[in-house]
């Protein structure tokens, strides 16, 4: 299997490397791109906390057809502009095979969301991503085996893969999803792929995000994907789980300390007090 | 919501009607289209048991990219030929927006599988189905609300929807999925849409299929989707769960009896002894 | 294993027999014994609907220590009195090894609840039940294997066992528990024991109880355990799920019809119109 | 609620304190007491790794009545002897109200297992524990609310409570149970009680235990309960998940490092190299 191939151990994103032999990577940004002001503030907050990748959704998979569906293609440019002005890379979700080329031309990493983990058409369409890496979220009810085989589809299509654990659906009702931290070491035993963790969607509420992020680093994740918003109350989606800029800063110090404790590096700006 | 609209209560498939005011509908056929011989045998077995719709997958969503992926477009013609020669309608899965037109030109009902329940691109692409009905399977970890909103996407796109419960993923290990029979009355309280049940994928093993099918009829389902194969041992996928033609006949008699007991009709050929 | 022994196929409760070779058995009554008036009304309603066993909890396992814990031993006498005056048997829960003797002296069947399915002390204490049958509910997260081994503890202690499926805990939020109808045929393949179904606790709401009860009979259950209350709004626990006397009557007719359809008998009073 | 009372924030075990204001506590030992040799070796290994509490089961709750059920009361003395000779405290499971007094006379902490979390008779019987603390494991399908109310029963009976997360039952099949790390911060928001984590039962396999233990410390647990065995291959139960003495030493260094990173202390012997 390609997912076991040691050359898939490190994913290169321009001059950045993601994987067990590289420093931890922090990806941060809002759930949805709303406008340039929001994105610039988010990019600066991300940068200030040591993030190297800016996240933000332009196309949003929404349970209801009547919910806000994202600003669409216009968002890609906003995202790129905010990232460039702060020296960040961009990760953003692609939902539709017809969007792959345009997203790949604009973003540094393409994200495939949990609901699309077994959308094989989309997985295969990564052939149009021009070799850009793909962040593959675990489906909410996917086994490790199903997740790795979904990654295999993308690897076959020619794109490197970064896995992302984001919580599974269980009976537990104190979080939106149950973060399965055991998936990180388990997937690392069965594959060579880098694995990051999204504590925000798992928690579904702001106050649990930092603790889950710390657990993710301690368990061996190669990075984090964290939702932030300069004004969470005004966010157009997932307002309950976005961290404030200052909360991300505080988390960043914690991550650096835990990373060091487990023999990993996480480079934080001098402004962050670990 | 369109899913609550009483005019979505009955779905017309040519001269056939599906819904609470119509006789129960039986859809039967193999998991995958393998060849004309297999399909003809399946169609005859389906017909003999009272089925009015022939199922069979041409494009198969498979966990591994290296598994048999279906015979593709060629299968559509085979399916149509077998159905026409026996006077059956055709339901078959569509996985890719680019296939919608061709599938709609060949099939009477388009199926969207559990893994694609929240593949919004695919749901929206039903706009190209020319108003043909869509069978929407419940995702393995979908709530009733998520399922109905997925249906809403299709209704907005202009196609009628038949819901299909096919089991959810739980800790239970004696079946492949846990058939959630309560979903049928629950979904009927919240929507007007017809609901059928696929006992085969839930069971994952032949011997539990008839019991689950009986439960489905008793609980109020408007029809069944059952896997059969003239030679299950030689099947190219899901060989453990396909019924033999004679098992479908026996099941058909049971269904008719239970249907009558709950005030529904299920019309069986005279060859079937209820 | 004793649970596979064919002589455990039929459980005798005085002149009544429970199992696949006997008519379906209906057990009905309130969640909790509240007083003689409530019990007499319940017993009469149960009798009128064809029930042969009266249920009612005297000792209630409650999540909070501050909730109503049942009327205790006094309830046993009330239960017995109401049952005797209507010619019904009695099933009631025992939570504590120290209660086994007194409960066994008063009840015809001892019930072990879902939370106690692996309370091995309690299972073993059935040795004091004087050979009276035990109704063993499935734990909310128990596999078939764990359930059968729990039954084995009771069989070793010398009491016959009737299994009772009452729903498992899953992510699904439209019912309190997900009724796992596949457990009935699955458990019957692996053991000889009779299996009944409690649709009331699974549903958690009145309106889904009849549909789940019908599914249970269709799938092959040997009986039903249904909560009723002469005045559900005034019930001291589980008021949302208790059927009214007239709803039980209606259900009884449905059960008889489905039982007949699957080759089983369910004897209803002439007052019930199937 | 008593579980919210700040005076339940720290649990005293002789001269040891457990809770958020005290150093992390490590409890280690074999799944089952087998003999004095095994216990002495385990106690020394535990001590050498910085553990202050020795665990070991004398009464074992086992799925099958025919499995090894523990050495019983004799084990209590062995456990005490091994602990005393190394200066450790003792935690051991109690399954039966009739054992409470003898266990309380011998152990420093009484453990209530996951299967008994809602065995209210047992919870209430803690009144005979003479005020000794109780380690209450979370049931495999218990919500936070159910767990805290179970603790309330024990607090009402007069014993302090230490909560223990040990994994929940989900569809995931790469571990025996899914460790729900989010439960630790969630439970700490709703109660004052100390919370520890058992990574061994969650993992079900040796190689995942250290990673889960690190996650537990990072997320904010007040201690760990870890299975070790001097010769896991010869263990009478759970042989797959027990760590070797040297593996516990290595883990201990990791714990100390992560504890420091999150502002907690974990005191390790000089022999442990963090």
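Labels A, B, C and D are assigned to the chains in the order they are written; within every chain, residues are numbered from 1.
The definition used in the following text is that a contact is a pair of C-beta atoms (placed from the backbone, for glycine too) under 8 Å apart; a residue touches a chain by one contact, two chains touch by 3 or more.
Computed from a predicted model, the values in this text were never measured in an experiment.
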TODO: Report back the single chain whose CA centre is most distant from the CA centre of chain C.
DONE: A
TODO: Using mean C-alpha positions as chain centres, tell me how far chain C is from chain D in Å, no decimals.
DONE: 36
Task: Separation of mean Cα positions, chain D and chain B [Å, integer] - done: 49
Task: Of all residues in chain B, the ones touching two or more other chains - done: 141, 169-171
TODO: Take each protein chain as a node, join two nodes whenever their chains touch, and name the resulting shape: line, ring, star, complete or other.
DONE: complete
TODO: Write out the stretch or stretches of chain D touching chain B in their complex.
DONE: 169-171
Task: Residues of chain D that touch chain C when the two form their complex - done: 61-66, 95-98, 115-116, 118-122, 139-141, 145-146, 149-150, 152-153, 156, 169
Task: Residue ranges of chain A in contact with chain D within the complex - done: 141, 143-144, 168, 170-175, 178-186, 189, 202-203, 207-208, 211-212, 214-220, 254, 257-258, 260-262
